[in-house]
């Protein structure tokens, strides 16, 4: 079963800290290429965390999940995104003017992390070390991802929020269940792949229509009689 | 009292035949009274009979726009009105077919007759027919509630809509004039005048389009069909009077099948019918035809009167 | 003898096959025939099934429930009440299916008729399943299927803007109604802890009175919306005329009766109303019925679109049905059982009658549409010569609905009037006077309905044709005549031999009564002192009518001798050139009534004159008059409600910024708030 001695707890804490830092790295990048790179690092950290869970629980399937995470999220998805968006103009790829400045958003993200820790304090299974370490992290990822999506004006850069949320959910599921059935996880991976492709394709269309990817333009789709 | 038997059935049919046979006479008498009160000599009181026979022997002119509705409407009209007459007692406090139908059926049969007459007015494609039909339907749809409320009052008082029960309990009543019946009578009188198309609702003696209701509908008829219509109108008039007489003034109606009682009943009925006919004729001389849209006021009075009658019954 | 189960299965399978084949065989040679002959066969099975349940007492109870989903099972229970409504559905859909074989040709070539056939079958099937459902879940599912298929039928001709608008009104109103029905069921569920109608039957009588009142009010509004009670009726005159005529016939004749079915279940089956606490339920039903019938009739009189006029008349007839139902509840609440039975029989008889003659009339209107391609009565006229059979059958319908002997409408109106007249036995004089005044509304309705149908028949079928629409009109195909003929025969049979209907109803509703068992018996009602209050024997009346007619014919022939009939022009005052422009039209026919009830109709006449010279205003070049009436309900009730709602939502929609970011922010805030809530809760 799950070992509970001190060094391993340290590994858990350290790994969650690494993952958190990687996440912040994604949040503070404004350019498409920058956050994509940062996202790669975050995913690597995530797959490391997954491997740790696999090592601690001794369930071999989670190693596969970790490997798949690495391959799909760190390699395939960035490539797909790069290819699909290669013909987009610079304005469509660079977050010039987010609603909240990058600095402030980092602070808000930190507050969200605090909130996540506060919220998960009384969750049962506190004896489960893995859960205790990673549940707040996964919740933080969820919040931060959402916040990022709220904050970005350029549609392409909203994908980053989606990907962070997805990573958070993955961690949440793995930590909670110690490995959902592998088949389901593969399904989830494929889902996110398809999701990314669809949103990328959609963005190409939006940029063709509006000349940029500013989501403010979508306001015009509202059914307004006054206009 | 009466038990269903061949004798009562025969007596009942005879009283209906009497009603049908004497109905033109009432029309003749009323015309005579009207003429006299207008300082005219007037035609013989038998004139309606001569008219009917003469019309029956005449060739007819039928409009080329009409259909089978036009040709069958007078027959249906006559049959419905005459059938209604079968249910109404004349000199006996007994309706031989009382088990087969009641006051509501009589009204239903009159409505059936009216439905076809109105259709025949529309059938000839003349503006007169349409005008008469439209006005007739307006009047009848307003008279319907007045009539039903009157029946409501009467049936509350006598505990029936079955005509035999109605008339025999009316005849057996010691003190007849109750306030509710009095109000019902006012209402019934207005209805009889309206239903039979007398002044001030309709002028049966004119062919001016501003004043016509019933005459406008039947303007296209001639010959046999016109005879049927005229006769049916007389029958309807006398039937309604008979209904009114036997419910509100049942004195002297025969409550047994003896020859004396029946003879007395017949004479008393004739006297009462003539009296009411004369009163209506006098009223007709006194009033002018009302403007069409003032007529609902009169019907409203009838409705209100019945409503007051109902309230009086319950208080 | 065949069991009810087999019959039920056969019915369901045949309707489903009809629906499927309509789609599978689209455009093939005999697809049309199969699509409508299968439901016709199914309807026959349905009729046999209901007879089996009603007369052979072979009630059917099927439970298709899995343990895990006990609350959501499809429970089927066919008792007498269900069987009565199955009979209604079967009878009408038999006639309408036969009729549709020909009628669909109206759409061939310009519309996809296979969709129509599919919807037609599914619509009938869903109505059938509504009345056999024995659990909330099944009932609501089929209720919704019924609403949706009828919605698609309403917008079948969606090329016309007006139909889409009616469809929208319909779907909004019907869902509003469904919400109330659902709420009513949920209240019962909360009290009984079960979604099964069996449990309702068992426990609802014991729930507190106030809760029962709530259940009743919710059910009344919910079912009332479907039935078309005033003021929830506005969808009905829009939706029913928009649908293809065969669907209109089904909607008006049967669909609105499912609402009556629902009310009866709630009133008499789940509950019993045998104490004065329920009197006000009856008063509510009665007064709503009275108002509904008068207003429906008033609108029917002035309407010039033939199908809309028929739809308004459906509202009127629902009012009459509710009047009977309300009286029945009032009588039952004072434990006057015999009178409660009389009123219920009157109400159900009228339900049956209305199904028969309204489907006949809608099929007739559809035939006119088929032949002339117009619904506007002002453009019709003279059809009696072009379409003799249709006009005869339509006349039967018009006579029946006007409540004239010897047709079926007279019987049910007679029974309703007798129930009204029997109110003297209620031990409460205020109530007696109230009901007496309600009877005023009833009588006014009867008068106005006759005026409306004289107008509809007279203007459409009689006199000269008013437009080129009628020039090329020819009699409709035989299948359409057969469909109408079936209902016309039913109307006559139910009118001349009322023992059929009365026995049917008393057996279906399990009522002990001493009413006629053979054609020669009379319907007899007794008054409090035991003497004959009223009796009626339509068969005798018909015999008398026929013999009087024969006798008078003989008399006239003998006295008058042979005469000729000369055909000549209509009298034109010697003016010459009488033409169709001088005839009375639908609008002019109803003008007196419009004027008398002007407080209600608010007619506006705008007259524009043009003179040859302004100096001489006696010589007019042209004169043009336009007369419009206003719909008080839409102006005074719906417009304020709708504009208030729009105002409110205008305020609310500020939240809807159109920015993806703000929507995401709402999600985030909601999520955080919920989590905080969970965290802070003990």
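In order of appearance the chains are A, B and C, and numbering begins at 1 in each one.
Operating definition for what follows: a residue touches a chain if its C-beta (ideal position, glycine included) is under 8 Å from a C-beta of that chain, and two chains touch if they have at least 3 such contacts.
This structure is a prediction, so every number in the text was calculated from the model and none was measured.
Taken chain by chain, the contacts run in an open path, each chain touching the next and the two ends left apart. Each chain gets a centre from the mean of its Cα atoms; the one farthest from the centre of chain A is B. Between chain B and chain C, the centres computed from C-alpha atoms are 35 Å apart. Here the CA centre of chain A is 93 Å from the CA centre of chain B. Inter-chain spacing, taken between the CA centroids of chain A and chain C, is 59 Å.
Shown for chain A are the residues that touch two or more other chains, of which there are none.
In the complex of the two chains, the chain B residues touching chain C come out as 53, 56-65, 67-69, 75-76, 78-80, 82-83, 86, 97-102, 104-105, 108-109, 111-112, 114-115, 118-119, 122-131, 133-135, 137-138, 140-145, 147-149, 151-152, 155-156, 159-162, 164-165, 169, 219-220, 223-224, 227-228, 292-293, 296, 303, 307, 310-311, 314-315.
By the touch criterion stated above, chain C contacts chain B in their complex at residues 301, 381-382, 384-385, 391, 395, 399, 402-405, 410, 414, 417-418, 420-421, 424, 429, 432-433, 436-437, 439-444, 446-448, 450-451, 454-455, 457-459, 462-464, 522, 524, 527-529, 531-537, 540-541, 544-545, 548-549, 552-553, 556, 559-561, 563-572, 578, 580, 582-584, 588-593, 595-596.
Chain A makes touch with chain C in their complex at residues 99, 115, 118-119, 121-122, 139, 142-143, 146-147, 149-153, 155, 158, 161, 215-216, 218-222. Those residues of chain C that touch chain A in the complex are listed here as 656-662, 664-665, 667-668, 671-672, 675-676, 678-679.
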